[in-house]
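Before anything else, here's the structure in question.
When the chains are written out, they are named A, B, C and D in that same order, and each has its own residue count from 1.
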Amino acid sequence: MKTAIVIGVGPDRGLGAQLCKRFAADGLKVIVAGRTLAALEAVANDIEKAGGKAVPAVADATSETDIVDLFNAAGEDLDLAIYNAGNNTPGKIIDMEADYFEKAWRVACFGGFLFGREAVRRMVPKKSGTLLFTGASASLRGRSNFGAFNSAKAGLRTLAQAMAKEYAADGIHVGHVVVDGAIAGDKIMTRFPDAAGRQETLISIEGIVDGFAFLYRQPERAWSFELDVRTSKEKW
Amino acid sequence: MKTAIVIGVGPDRGLGAQLCKRFAADGLKVIVAGRTLAALEAVANDIEKAGGKAVPAVADATSETDIVDLFNAAGEDLDLAIYNAGNNTPGKIIDMEADYFEKAWRVACFGGFLFGREAVRRMVPKKSGTLLFTGASASLRGRSNFGAFNSAKAGLRTLAQAMAKEYAADGIHVGHVVVDGAIAGDKIMTRFPDAAGRQETLISIEGIVDGFAFLYRQPERAWSFELDVRTSKEKW
Amino acid sequence: MKTAIVIGVGPDRGLGAQLCKRFAADGLKVIVAGRTLAALEAVANDIEKAGGKAVPAVADATSETDIVDLFNAAGEDLDLAIYNAGNNTPGKIIDMEADYFEKAWRVACFGGFLFGREAVRRMVPKKSGTLLFTGASASLRGRSNFGAFNSAKAGLRTLAQAMAKEYAADGIHVGHVVVDGAIAGDKIMTRFPDAAGRQETLISIEGIVDGFAFLYRQPERAWSFELDVRTSKEKW
Amino acid sequence: MKTAIVIGVGPDRGLGAQLCKRFAADGLKVIVAGRTLAALEAVANDIEKAGGKAVPAVADATSETDIVDLFNAAGEDLDLAIYNAGNNTPGKIIDMEADYFEKAWRVACFGGFLFGREAVRRMVPKKSGTLLFTGASASLRGRSNFGAFNSAKAGLRTLAQAMAKEYAADGIHVGHVVVDGAIAGDKIMTRFPDAAGRQETLISIEGIVDGFAFLYRQPERAWSFELDVRTSKEKW
């Protein structure tokens, strides 16, 4: 059974969880990876109840051991790996602790390296597989108050682009989805109680998941590296 | 019946013709537009035989009258408009006739303006519709021997980006598909007899069409502006 | 005596005129080209009074004959050619006359092709020369209300980039200066009477001219293609 | 006396050393910072012999303490800070140790954060100062075999861009010089004994230094963020 690993899974109404549910519904066994066991189990249970196959796996995206273990547990049929970890880390550089800047990079970029490396180590021998990264508009340019996040996300995107070129000849499809704006998920709903009243300004999670699914389905003679996604209300 | 206009339709094994066939198969009435009536009729006949609805329409993409007529004939149900006109126009600037540079622009960029303008004139009042443009890697950067084509395609892409922002609030989705490499179609097969022997280096037309179809289906809360498409063998 | 052609020269407090004065002060004979003889003569007279060498030349940047004549008149010592023609052409695409869109391109992009082609025709045989273009932030991305200008300026920039690559091996340095914001010149002062009160938000003409002069002086082993210029107050 | 800090100083025929010498010749006191005392002393001695003012300072660009000490020692007159640390770190991702990827980032990007932060902490209260970073073509896009370097340099560039926007209103000019190709310095000469025979393909150090000097001299109403530098022989 084809297997997917999705890391960066949190609450049910979040991008990570919905990616898991979509690919499970599409017939893949999904390794549901993230930091909070309860959340992972909830997602995996939903999938199993719906007749799919899912395994919760607690993993810290920045821990080499955790990531290696995660891929080892995925088995031979790994066909899709999605790196969805990394939160926005706002703040002015002048006030910023070095540790904060480093942690922003560690989660958004270094974890992507560990994850991507383990993915290609397993996919290259089979000459097939898809590796996808979640990006943001912050990946594309620097902006005041977002230096740490910008730096980390640009580092991830450029790594992904280098890997796309490095492993294309091996049959590995590497892609990057630029999420431009706030997602209509639990995170934003909890933080901004008014968010429910402006749903049309929040990106549809299903729409983003469609983008990942589209990239995954592409034939080797028509691969995309990058896809941007935003609502019609977004200024860009 | 929802209606699509596709301009830049030539031989059956070409991107324009296959875009028509896909959207007809997906249930749209398709206005099949291009310069050669016989080619347009062949595509429209195939569609009708397969149970779809298609109308051939001879139109010069660079003629304002032709483009206005084309959109007038499309009727009230216009939901999708695809600008696929424009060929590569190589050549060194030092040797280039002014007329050649101008024609490159007229087909690849000015025609896109006429087409895009007529599309939004009909879509904005209905607050819905999708307008897609065919781009190329040449749209993204200048390169020796491709100055005329680069200039025209970059002009088209930036126009498309401006329109994407200008009409998003009106519910119009504008997108741009960057075709990076040679397409596995009649044009390349005729010009390069050895092309059949290196199919894996030629972009799958179906794969490109999938990209257009994906953009067309996106919900208003998850629109993409741009999608790149290339084979795994392409150097980029 | 090394000769420069600067086209797009208008009032004295404008970028074109100040480029002429700077390069004349630096010892070049300057062909002062533009549409209004009185303005050109005023600039040329100032230069001559200051001990420099200048020749006014009425020329329409979009006329092939005018541009060929202009370069023929410059003589053997042509060393620098600057294309500074092209005004902002705002407007929504939905309301735009085809003629307006075309004129925007003709001045901002097609004229740049004619000018650039005539420049390299004379510089390549000598294996030396510098060709510079005035760009804008509009050259880099599309924005609502600026589709025509964006398209034309992006077309010019990508042409310049292609030429930079096409003629580098011939010893021709091609550059592009991105002017990001309003210039502290006559044009803005006349149009916006309050502009004098917000000088710090208007780009220093001398500063832009410094950029052109810097590019012109670069040795063949350290050429820049592009330079952006903006005030510290500009949002970008 | 206006003071500059330049970090990333190595052998005399290297970019760091020549930056020090240029700004010393232009009248600044220069803090010559790097890892190897002997090299730093040699540069500082040369400067002093030529009548300039220089202070060697051993500092590890990735050490927060070292960087803080460096800026503390620079005193009140700090006017220019240049981050020139970071070497190319080639390698395929599939074979790469996590530690190697991290070190690439630590030198090329994290050190730039520490350095930039300390610079703005001292410049913002005075409402003036210039902060410049050395970039590479690797900063702009990912490429096979350069994933670690690409990721780190893109992270640095995007950080620099965020800082340029964040501190412009405070009068701080932040710039980024994209060095596109190999530099005609000791490093390349030592590594590739044939390099002397193809000098015209190696970027002139003086030309790069001119770029830094140009950015430093720009008035607040005409700042550039980015400048690319390459030889006429470079393919790009």
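In this section, a residue touches a chain if its C-beta (ideal position, glycine included) is under 8 Å from a C-beta of that chain, and two chains touch if they have at least 3 such contacts.
These figures come from a predicted structure and were not determined experimentally.
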item: Self-contact between copies chain B and chain C, residue sets same or different by half; value: same
item: Chain C and chain D: spacing of chain centres that average the CA atoms, whole Å; value: 32
item: Gap in Å, rounded to a whole number, between the CA centres of chain D and chain B; value: 45
item: Touching two or more other chains - residue numbers and ranges from chain B; value: 165
item: Arrangement of touching chains [line / ring / star / complete / other]; value: ring
item: Chain B residues within the chain C interface of the complex; value: 64, 92-94, 96, 98, 101-102, 105, 109-110, 113-114, 116-117, 120-121, 124, 141-148, 150-167
item: Touch list for chain C against partner chain D, complex; value: 165, 168-169, 171, 173, 184, 199-200, 202-204, 206-208, 210-211, 214, 217-236
